[in-house]
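We call the chains A, B and C, going by the order they appear; numbering starts again at 1 in every chain.
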């Protein structure tokens, strides 16, 4: 039973991280129907920025969780700035172009950012210090779940709640929902669509950066390529839940996290990704628009 | 009068919503039949059920093809099979192939009457070459009939609106139907264009011998064209008759 | 004349980029040894660079907007490129074709073996590109797992040769056929999916194949792969490495010509039209009597056939296969070839393959920067030349016979 619980919580943690990245995918997709291939790179840049800040602060004699918070804030700031800039350069000029062109542009951007970090920093794996202390009250459960995992779960929950509030109850959130339904109409009723799209990229990048810092603390190392792999997984999660749907992305991420966790725990870790993808294929065969996706019945 | 299409007790449920309920309708040879009713009455759903886009929940759709004596039940068939049987349709919101030329659009209609496969296409044997040539010529002939010959090499998306509507009819005719289903063919047309359309549809019936079932809101057009009219509301047939009989009655739906 | 506004803008842009690149360009950390290196020079470079690039960008953007306004005004709706005009002039294109042909044939004798090897790689990508062009360019099915069929081809030659000693010439059609079969196998479950859902499932399929190859040691020898795959024999002779490279080059040329021939014919056939109609509007396409399922499956399997054969060629060329050659990036590069070259355009795809494969190879001088440049190229191309290098032009038909009959 403990083993099951461990796998369950492990899956939940994984799922949380996927969710933080998947949100960016799904929000961007919901608004401009673009698979933002460079999103994984934004996440990677978040993690790198955090590492750089931590290293600098360590030299200045700081340590502990305060440093992690500062690093997290700076990472969020920079990732958002990158997300904003990437949209302005690579996607905005392609707003009315065929969707495949924008996708290729995104792939190009992804490649660019990866190599930019590779050249400016290093191709080696860098160790990322785990600054989350082991909480005392967690000790009895340490064999099931660690402190880092708890922090990940709580942070994810907070981010999700904030995001829901943003989308459901704020002015910009309403504008986002309107834009995702019909861009032209939104423009006609006076919504600044370009601004809405920018905000979407900024918010999506910020959550990705939070994910980047958390997963880097969890795994303990990063390199320029981590974004790509995590990005693909998160994208799978977003599609699994129904791309364009925010609750869908979260649910899809948890489902993916559990699938991987249980497949690894009970079957074999070699085929972890195979199970994830097979599961995706199965779900999409029975629900072609994902678990919570609006089934786009093309009106005739 | 011999029928070409006979629909019996047709019903369609979307979840709990009964979009079509116990509908009967028939179209006879060389007849123009109109289906009218308010928006959301289920007219387009009716078309979709007949042409195989949705399988109807209950009821039967029979066709009486030219070369067959026996009626043939077609519900549940895929749209492409229905078209092969000889029913062709147009769409309410124009659905052309925008980045194909006008001629190619019509040639797509010829597709199900052609046979060349992968091997034929690669080897380009005599029969394939002849078939292609004939398809081009046939398509061009149809375009001429529909008055679209001057647009032949234009992209479909660059055509004026009225011409796009006509191209949709041309494309449907290329499939050699015995019954043409037109979903609001005059929607968005000005009176002049509507007048032209009126004549065109009559010509299709008279010269090509194609029966026509159409959905239309332009009552002038309906009155001028149709031999019989069916009125649908809330998925039910509420009246049927000839244009003369219909005119005098008041609008049926109480709001 | 540069206006003050533009300078102000450029200054702002350069400040923004200096800020943006500050942590990653300026600071380099080594957490192991706790060293932090400050590279202020980079900041200056970024500042100056983005200041200048801002002008170039603005200029290009203005030109682009001008172009699209012209198109909207209908002044020149269909711009036929110089290239296509040349194609229609027999006087120009026949000699060009002859020169190109002579160049192609004499290539291995003019250039070194290294160059020939690179050219063979480029030609393999031409084949892959043309195959994927059927699926993506014509049928409009976004396939991100195309590399799976490439892997199927490569491994089928490697394994058939390893276990049964099958020769290259027998393996080539088998590889193609297996590719086609896998194409249909993948096609069935995804028939109902569209757009991005299709993309992600095909991506998953590609990854599944790769992971299986990596982990199923008894079958595929795992990550270490299969070595010592024989090169294609020439009448039983054992060629030197140099000789067989040249030989492979010629096989590739023949295969590419064959591919071009077949794809060209398919494109202008009944099936090719059905693919394009499917891409344009699935529902209307079905309502016009086209069997959607069959058309999709034909596209998948025909596309996969070329990938299978290209895979066999790849195995024969490198004499070694392992799963690392068949990653997602490979699929993406092939997709980029198709889109960059010009979707649906055969010449475009060939040009795309040559540019995408040869540019990084010849940029080896700046080898570190070539992937960076490659990424930039993709973005810039999509923004300023979205139709690809050589966009497709739809075929028009002639009607002498009918036109004489005139309208009645």
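By definition in this document, a contact is a pair of C-beta atoms (placed from the backbone, for glycine too) under 8 Å apart; a residue touches a chain by one contact, two chains touch by 3 or more.
These figures come from a predicted structure and were not determined experimentally.
With centres taken as mean C-alpha coordinates, the chain found closest to the middle of all protein C-alpha atoms is C. In this assembly, the chain whose C-alpha centre lies farthest from chain B is A. Centre-to-centre separation of chain B and chain C, using mean CA positions: 41 Å. Computed from the mean C-alpha positions, the centre of chain A lies at a distance of 48 Å from the centre of chain B. Our note on geometry: chain A versus chain C, Cα centroid distance of 29 Å, whole angstroms.
Taken residue by residue, chain B touches two or more other chains at 53, 91, 95, whereas all remaining positions touch fewer.
For chain C, the set of residues that touch two or more other chains comprises 283. Touching of two or more other chains is recorded for residues 300 of chain A. The touching residues of chain C, counted against chain B in their complex, run 77, 262, 265-266, 269-274, 276-277, 280-281, 283-292, 298, 302, 394, 396-397, 399, 401-402, 407-408. Within the complex formed with chain C, the residues of chain A that make contact are 29, 35, 45, 48-49, 51-56, 58-59, 74, 78, 81-82, 85, 89-90, 93-94, 97-98, 100-105, 107-117, 119-122, 126-129, 232, 235-236, 239, 243, 270-271, 273-274, 276-278, 280-281, 284-285, 288-290, 298, 300. Listing the residues of chain B that touch chain C in their complex gives 51, 53, 78-80, 83-84, 88-89, 91, 95-101, 103-104, 107-109, 111-114, 116-118, 120-122, 124, 128, 131-132, 135-137, 140-141, 144, 149, 152-153, 155, 158, 171-172, 175. Residues 16, 19-21, 23-25, 27-32, 34, 36, 42, 61, 64, 136, 142, 189-190, 192-194, 196-197, 199-201, 203-205, 207-208, 211-212, 214-215, 282-283, 328, 332, 335-336, 339-340, 343, 368-369, 371-372, 374-379, 381-383, 386 of chain C are the ones that touch chain A when the two sit in their complex.
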